[in-house]
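One structure follows; several queries about it will come next.
Per-chain residue numbering starts at 1, and chain names A, B and C are given in the order in which the chains are listed.
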Amino acid sequence: MHAPRDLPLMAADVLARIRTRRPRVHCITNSVAQNFTANMLLSAGAVPSMTTDPAEIREFVASADALLVNLGTLDAVRQAAIKAALAEADGRIPWVLDPVFVDRALSRATFALELAARSPNIIRLNGAEFAALAEEQVAPAALARYARERSAVVALTGDPDIVTDGARTISIGNGHPLMAKVTAMGCAASALVGACIAVEPDAWLAATAGLILIGIAGELAAGSAHGPGTLASGILDALDGLNQRTIVERTRVG
Amino acid sequence: MHAPRDLPLMAADVLARIRTRRPRVHCITNSVAQNFTANMLLSAGAVPSMTTDPAEIREFVASADALLVNLGTLDAVRQAAIKAALAEADGRIPWVLDPVFVDRALSRATFALELAARSPNIIRLNGAEFAALAEEQVAPAALARYARERSAVVALTGDPDIVTDGARTISIGNGHPLMAKVTAMGCAASALVGACIAVEPDAWLAATAGLILIGIAGELAAGSAHGPGTLASGILDALDGLNQRTIVERTRVG
Amino acid sequence: MHAPRDLPLMAADVLARIRTRRPRVHCITNSVAQNFTANMLLSAGAVPSMTTDPAEIREFVASADALLVNLGTLDAVRQAAIKAALAEADGRIPWVLDPVFVDRALSRATFALELAARSPNIIRLNGAEFAALAEEQVAPAALARYARERSAVVALTGDPDIVTDGARTISIGNGHPLMAKVTAMGCAASALVGACIAVEPDAWLAATAGLILIGIAGELAAGSAHGPGTLASGILDALDGLNQRTIVERTRVG
């Protein structure tokens, strides 16, 4: 296991690789989050694509470096697109599952369970979503067991964030409460994690790097924001301008 | 009837209740407005959800505290979602109708008339939309008659805004011309009114509070904005930071 | 041909006409770009509408002054909407084609070729899209030949932008690298070009004016932005506040 003291440099290195390689991240995501998610990926240095059309998506996924499957505003078209995309991605490129609002609709939770069984590299979710998906309350041991059973990394955002692959578990203290007042912040975090796994094959490191980076960008933005509106634009500025020194100084993991 | 001098404190109190109770507002709204609308609700302290899938929407509405039906980018899926959502909402939670652009398409106006007959608690629209829906020109007496006949509150945004339930009619002078240069501002106002009616059972008070709050937030944002782009982020900041004293000082009703 | 020295004043005059006439621009555009595109049009003084429903779109196009057909997030509904919209627009109002990401999906490229044969007044695209559509590399002579063969203006965005109708070819040096880090910037440019052609019948002048205006607005915004997030709001502010003197001072064409 990487000792926590290596992680800040590792996160900075993952960002540097995104900027150099410019990975393509195809996002099947909800209509609320598409614009902010695309801007988050561009700010990191990645190249987003967003089509959800089942007829076109295989070609987009075929030339992508990672795939995001976000279940917000799920509908029949998106369900078909997800199936086509996963058939194309199948083992060739990594993918991230974001089971948005599975705590609000049983049919969505059922679909999410099917997807969770199809070996996502990373599942990024919040506490309520984990509780609905795993049918147990959030606790480090429960997260680790869930990750181990599915051979997936679980990346839980909250205060703190927790990332686990069952063997390695870390908590991340970065971030700012104002981030919860910007819609699609979690969705954009999942996409950023997708950019990280496009350049970092260790899914646990990729998820950890992604959450450290967005957390630090959020803190920096909160320092000059006047509220959630300027935070939303400021976090894109902060991610675009983020450098290794700031990452090393600000990373709070334990 | 509440005397106008009570209204500023009432508006502040409605906002305080939104912040405390965090009502869930399910929004069937157009794809242009979804992101800004969700952010407006979050800035007020409410919790947005946005799915328009007919298969999922009943569950979302079942756990919501208010429903917004906005007719922008209307299509067959949204029409089916609206019917399913209203069947679920039926008398249990309040709902707001926003008949976007009914002046531009006859089929949309026809659908809006059907919806207006299904007892929306509040109809939020602009002058051109009212004229198309009511088939008469905008005037306080026409608005009041329309409200009375449908037992709905009519909340007309313009300069000034007018809110009437047929018996009580008020004009609101808050707001700023630059707000008209931000897309989905009216849609977001309707959603905010939805958050208000989730915590204030008197629909006339809820609509009045909602338009006062967004008007004041817009004025505050315009004071520091450099144009429509920074106004869009600034109004979210302003709503998030709005306090009772500012509301009382700035409310302009008559 | 207009000598380059006339172009700055011409661009300023086109913007003045947009502000005075407030043309309606109907946009069939991708879900990622809708909000930013609508705000770009409002900031210019135009009136956007965005429905993609095949059943409603003819009425919207019937009362529009120009049409944008953008192929991002293309699906069966958008394809049907495009056909209905073009049947309505047919020779009555000008239209702009934006063949987004035709380099990423063969089916989309095929559809784009069909549309390019239906006499768009302007085709706005980037280098990769031109190469996929024209099956040859970007070069001024190739662009001019392509434009001549289709009797369409080709407006290529890049560094520099190139606008040609086959007879007249100009390169535009305005713009800023940070613009490429904001999603939908090209889509919004196409919509702005649509607003220009709604008030300027010479498609070459309209496309040239549109790209000059967004390029200058981007430069001004980049001057005070802290990154791509504040650039996105700043470019809307800058376009809204743009005046003739600034346009004349900053236009760089050759």
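Rule of thumb we're sticking to: contacts are C-beta pairs under 8 Å (C-beta built on N, C-alpha and C of every residue); 3 or more make two chains touch, one makes a residue touch a chain.
Just so it is clear, the model here is predicted, and its values are computed rather than measured.
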Can you tell me, using the touch rule above, whether these chains form a line, ring, star, complete graph or other shape? complete
For the two copies chain B and chain A, is the contact made of the same residues on each side, with over half of the numbers shared, or of different residues? different
Approximate Å spacing (C-alpha centroids) for the pair chain A, chain B: 33
So which stretches of chain B touch two or more other chains? 31, 35, 232-233
Can you list the residues on chain C that touch chain B in the complex? 31, 34-35, 38-39, 42-43, 48-53, 55-56, 59-60, 63, 77, 232-241
The answer for chain C against chain A in the complex is residues 30-33, 35-36, 72-76, 101, 104-108, 180-184, 225-230, 232-233
